[in-house]
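Next come the structures, one after another.
One chain, chain A, links the two complexes that follow: it is found with chain B in the first and with chain C in the second.
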Partner chain A sequence: MFTEACRKTQRQFLLPGLLSLLLLPATLFAGMQPLADEDMSSVSGAGIAMAFEDFRWMVKPTSYFEQVGAAPAIGATWQRGDLRWYGVNISGAGPGGSHFNEYVGGFGTACDASLLSCPRGGVIPYFSAHDNPYLLRAFSPLGRSFTGAQLNLDPNNPDKSIYEFLAPTQQDDYTMSFWGEIKVDNDPNEILKSQTIIRGNASGSAFRLFQFTEPGNETFAILYHSRLQGDFRFSVSHELGGADAQGTPPRFNDREGMYFRNVDAYIPLGQLYYQALTLDAVGVDGNFELKVPKLPNNSAVWGDFYALRTGDLAGYETARRALSGNFSGNNAGLKNYDVSHGYSHWGDWYPNCRNVTGNLATGCLATGGTRNAYNATNDGVYFSRCGGTPACGNVNAYARRMTAYNVESGAKTFAYYGANPHGIPITGSGAAAQVVTADVNLGDSRIHGLLINHLRFVSCMGSATC
Partner chain B sequence: MLIRILLRGLMFSLLCWHFPAQAALPVADAVELPIIGVPGLDMMADEDLGDVTGQALFWSDRIGGNSLTGSITGTGCGAGAENGCSPTAFTFYRMGMDGKLELNMNISKFQLGCGGVNDALNYGVGCDIDIDYLSLMGRTGDRPAGYGNPASNAGVDSSAVLTRPYIELAIKNDNTSTLREVAGIKIGAAFVDGAMSIGRTYGFNERNMENFNAGYTNSNVGSGDNNSPPPNGAGHCNPGAPFGNYQLTCHSGINSFSGFLGTELSAALPVRARVNVAGIMIGLSGTGCVGRLTNPSGVGCAGGYSNSPLYLDLEGTRLNSLLLTHAEVDFNGTGLASIMDAIYAQLYADLRVLHFATLQSGDFFISFQRERVAYPSAGKTPLWSQVPAGNPQWDACGVGAGRPARCNSAYSSTTNTGWWMNVPVAKLRDINPPEINFGDLTLGEALSLLGAPGLRVNNARFDLLTTKNCYGGASAVFC
Partner chain C sequence: MINAGVLKRVVGAIVVAFGCCLPYALADMPGAPSMQALDEAELEQVVARQGIMFDIRSRNNVDAANNPIGCVGALNPCRVGLEFTARAGKWLMLKDYYGTLEIESLRLDAAFLSAGSSPYFDASRFLAADGVTCLVVACNPSGAPGIMFTYPENKGAGVYNDLTTFLNIGRVAIEFDSGLTPGYMRDVNTGSVLAFRASDASAPNASMQMRFDGRAIVYGF
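After this line comes the complex of A and B, so read on.
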């Protein structure tokens, strides 16, 4: 939509500028032909597609970016914290890779990047294929404003436009990794080095910028719908020893760490155009707030947001059916349920209900998936001890359940690890019962039907009260 | 000059296309644009840059093994050793943000730690933490905001507040890089203030869709009126049932919980029964009072009732119910009750009947670990010293002599392997349901009231409510 002022401005500046280009020596533009006005009027910009094949982005393991800390204002509970992220890379998840311990003439100890023991891989064949690229574009999608009005009903006469950066709908798994340092109190003797490896992809993610539609708050708005699938590993053990000198990349142990396997997550922050992440200053001390404002109490808006099944007034049945993916029946609003409600799954086995006696009985089983063994390393959340020579000792897993509480004396009665139908080997008995193992699997997890009504983070820097 | 003109033109074209209102502002004539062509920006001199200081948002801390009061490691860490007990002296690294997070959200299914090593805790539920229909919101007193008022939007308009959130790593063998291991991770805050609404309640004869089971019987003490199955039988709700499985079927919510709950409990339970004494039915009616009540006289607990707080330290992995024994309950009433000053009761409650929890705690966290870990408390000082001044009834550590031993430790209650939630201050106060009619009791059942451990009651009707956390009419509860 061009206003008269816009047209005037264009005449004042754009056209003279373009015309001036024409006066430059032709040798500067060898191979280019001038466009006539008629040609220019038929050009419309929609976006930029980015196709990356055989792609890798890698920096030297000694390269970093840093969050520099400062002494806190509130005394001895906390200290200054400096965080560094070194050697960030996005690379392949196939065979062929290297560790962070680069040396003169080499990339570091060789390893297999198809395993979570290896932080850096080769190229990514189809990071974003030519027929499924990353896309940066201006667009005018349908949506609902903060006041409940529908926007962009007429695609030929849009009310509002946005900028969006879209990930491919499908992409190869890749490795994203870095190694880091946590430095406490600016003390070189209080540094913890760690390695983070993510192997998967973020296909389907969307990042959008638009003008917020809340009356009186038409500010810069961000929407981010994050989709992640893959595996995650965090570790701290070094393979070759040596001092923890700041800035020196270690060769991390192949085995040790905390793992999240088979992660599938969707976290929506904001909804077009009625809910968004906004920024603002707070006070005069340099503090800020980042918030998703409260939803308006407007039935058209929250009708879209909640996306309840027709006839479901309380909301429970919509949530229960969505859990099992059962959207049969009246689905007028349900197409938006999966957009406004997030989830995060780590693994694939979850009981669907529990009967009154507390046991998982027929008809109450988990839907699909595999219940993890106590030492499984292919699914869910687990910890592994370090390997190599000398290897770390096995882990002593221990848990107990309180079965009775004596109110008069405060004494508690417990049940412990014991004979179980899953064949988990127990060492010791009674209160001393443990499971001794090199790998401890904590099981699978899911957070489903996540709806963020509102959130706000406000910094308290420089203030003793928060 | 040429570039300046061209870039200015391109910039305005883009503005006109997407933000026509802004582009229409009369800027161009008045401003001599810099080479980068962005109106309204001026170059900063070095002196100006020198005046700019960035404030650090992140803090950190390192807490060495055995460095805090109350640490217990190695062979001292056997059964019965509580706070501060870790088999190995871990080093803890914290990274926190100097800020405050306010949050309101709903989660329809919250399951952590399903399967895995804690299946060795033998039969029962499959997850460390398993909660249906969880809402996080603000609070009013000891209740979620808007509690008890179906038409109120106070819940959805409120927020739970986490002050200075942080992540903490438990590191084993921190001094030897080749043996160094991550043993656990904790996500906490210096202070949490808010409430959770949990689960779902059903109406008469409605089928429980989360916990359907057929074929169980409803056995319990006494005959109790309204304790008969609803028309459609097992799996269907009878909210009028004073106790038992037909009452339990009206609830879904916490299927299992792993963690520590520093709970303050208070209740005024009106009860009625008839005792069969040699064939003669003698009435018994009164109110059992326990804990610190906000208005004791208003709920039948007058006449010298002590109104002292009752604190319960509840902990464990994969809890699905609570059994409180040896509970001495003040009893005010008529008939046989008139000669009873106090009775003893055993209260068994499936966790699904609990529909809210308020959080007002300085050491709230959720963690997962591969072995037992005693994390340092948020304040790193003995827990009794973290009780807010002038508020001795804050929790069990606020009282003077007689407080639990754990209050002398700077460590939180020791976690188990698996997922764990630490809630040092959880208020479950002023439970006051309608009259519980036990029906006809035998003499033996009545006599059990007079001595510990007491008469056992399963799944008594507490009438705890869920809280609406959505906009919409009075029927809209969860979204």
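After this line comes the complex of A and C, so read on.
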């Protein structure tokens, strides 16, 4: 069934790769040697496939990853913070599950992981199916160099090779959650506990390693294209009674928190081969930077970076249609827009999309999703009060919204929700008008055309000026 | 879902690979006992017909109670240095670096992928770089052989003993080459831009505990 090339790949990469995954790095001091392109030129795109079935990974709720703080520099106004992430898990999103409070025995209080009230679920049937697996492989895909040259036009004689780790294109939804502690000023009595739940999947995400192509800066390069679909909840309300101590996992409240429902987000960090995350030193004090260098001033690169692939009709309607309007409706020259531009949708409501002339653009959805009720909990961005017995009081949302502010006089102009077309119940009147509700929905949001031209993280240690 | 089977050639390759590679990889770890090579007579007893189960216990700069050994003070030996291409002379140093890794009863067996397609079958995952050529028959690996990794099944609720690990990176900073002294042999920038730990709240330096359910099947194409 398998070709000789496949068997060769298996011998060359599979077993050594597995062994390397199993071993903890020993103390090591050695300069790194880059692979020459000819070393990888025989690779056809084959690789190591990993299927995970009925899978679940759970860290014990008392075990943590910690980012350890340090005393701030003299003169700084901030305080030391120590962050811990406890009980990280990747588990199922179906019925059945448990809270983190394992001091009650077993896995902790039972709950239903098909709801966002439950942080941990059962197993994931197809975290990655055998015929849509995670892939780890060497590859030589088409792309442009920093100087604009087209690379890898001849697959039998590639110019550049990469190492890539690809998520499945489809997989089951799953739960990824943890509970956390923020300790302020290294004081064990100053701790804020929180819970983060993500329910969805990251299918379509890609992580790639290659050698950067900027002349004089051919360094280790990282590309990450993040795709997330699903729901998100962040909460802090939890049961008391012993669970306030550092390191003790609490049971968090079932409903309190900040929610983002029906999220669909794509964040591209880097493009083959002209843009990537790179590392370098900053100054001489030991600081470093993680940077996406500026896009090269090269028209061939621009043509790739700002372009839309022929035939693509999915997503980014607002920005894309506006762009295509400037090209007289011709998308043919826009080859890569969907890869180089990100987006983030919170909620399922899709406004009509229009081109630069304000007309409904051909191919756009006339409408999509539904407008959220003021207290909807199934879509968009909303905040909820805690439940339980006794439940927290309702939220008294401000019913008046400021519509204008005169800077010179300080005069404000307000509009009221009263007599609105959406049936929002108003309590009180005039300045005392309120919306009293258990849940406050802020609506949906869409961000399109997210272009990352330049990004830089810099550490600030010692005498460095930040 | 999985048709377990025996692939003597694959399993045999694993035994040989472990015999040559594992001692080499662990030999430099301070505090670890020196490894003894297996002789032919011992290997002759290995049949592997039922698969392989193994434990790994490794310690890096700590004693049996996870206490660091000699990892205090400037230029202590508990450090890892990374130097990247086109960044010669600039070393990303992980200082006060120590930890453990323990894998408990990880099982390897030969297996065949399910013969039928899953709901998520995607033929494009198995195309060559030309976007046309299938790297496996009909671009569908169903039924192909692979290596299956599992941990013991039917673990009790609240049991986390498949993999435990402890990691401490006390300081992170860039160190520069100076004359003939490489950056990894210097500790001039004694501050830290980041410190990181993986541990458990039950005791100082306790190991993080985790469990894995299900199975991972690894195959090549």
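To be clear about the criterion, the second predicted complex is superposed on the first by the 354 of 466 C-alpha atoms of A that agree within 3 Å, B and C clash if a C-alpha of one lies under 4 Å from a C-alpha of the other, contacts with A are read in each partner's own complex, and residues count from 1 in each chain.
By definition in this document, a residue touches a chain if its C-beta (ideal position, glycine included) is under 8 Å from a C-beta of that chain, and two chains touch if they have at least 3 such contacts.
Since we're looking at a predicted model, the values are computed, not measured.
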item	value
Contacts of A:96 with chain B and chain C, given as first, second, both or neither	neither
Partner chain in contact with A:123 - chain B first, chain C second, else both or neither	second
Chain A residues touched - chain C or chain B, whichever exceeds	B
Partner chain in contact with A:180 - chain B first, chain C second, else both or neither	neither
Touched partner set for A:387, first chain B, second chain C, both or neither	neither
Which of chain B and chain C A:371 touches, first, second, both or neither	first
First (chain B), second (chain C), both or neither touched by A:461	both
Touched partner set for A:428, first chain B, second chain C, both or neither	neither
First, second, both or neither for A:47, with chain B first and chain C second	second
Touched partner set for A:70, first chain B, second chain C, both or neither	both
Footprint overlap on chain A, where chain B in one structure and chain C in the other make contact	1-3, 6, 9-10, 13-16, 18, 67-70, 211, 285-287, 459-462
In the complex with chain A, residue positions of chain C that touch it	1-2, 13-14, 17-18, 21-22, 25-26, 28-30, 56, 58, 60-61, 77-88, 90, 92, 97, 99-101, 103, 113-114, 117-122, 124-125, 127-130, 135-137, 140-144, 146-147, 156-158, 160, 165, 170, 173-176, 182, 184-185, 188-189, 191-202, 207-221
Sites on chain A touched by chain C in the complex	1-3, 6, 9-11, 13-16, 18-19, 22-29, 31-32, 34, 44-60, 62-70, 86, 98, 102, 105-108, 123-124, 126-127, 129-133, 135, 139-141, 152, 155, 158, 168-171, 211-212, 216-220, 246-248, 279-282, 284-288, 459-462
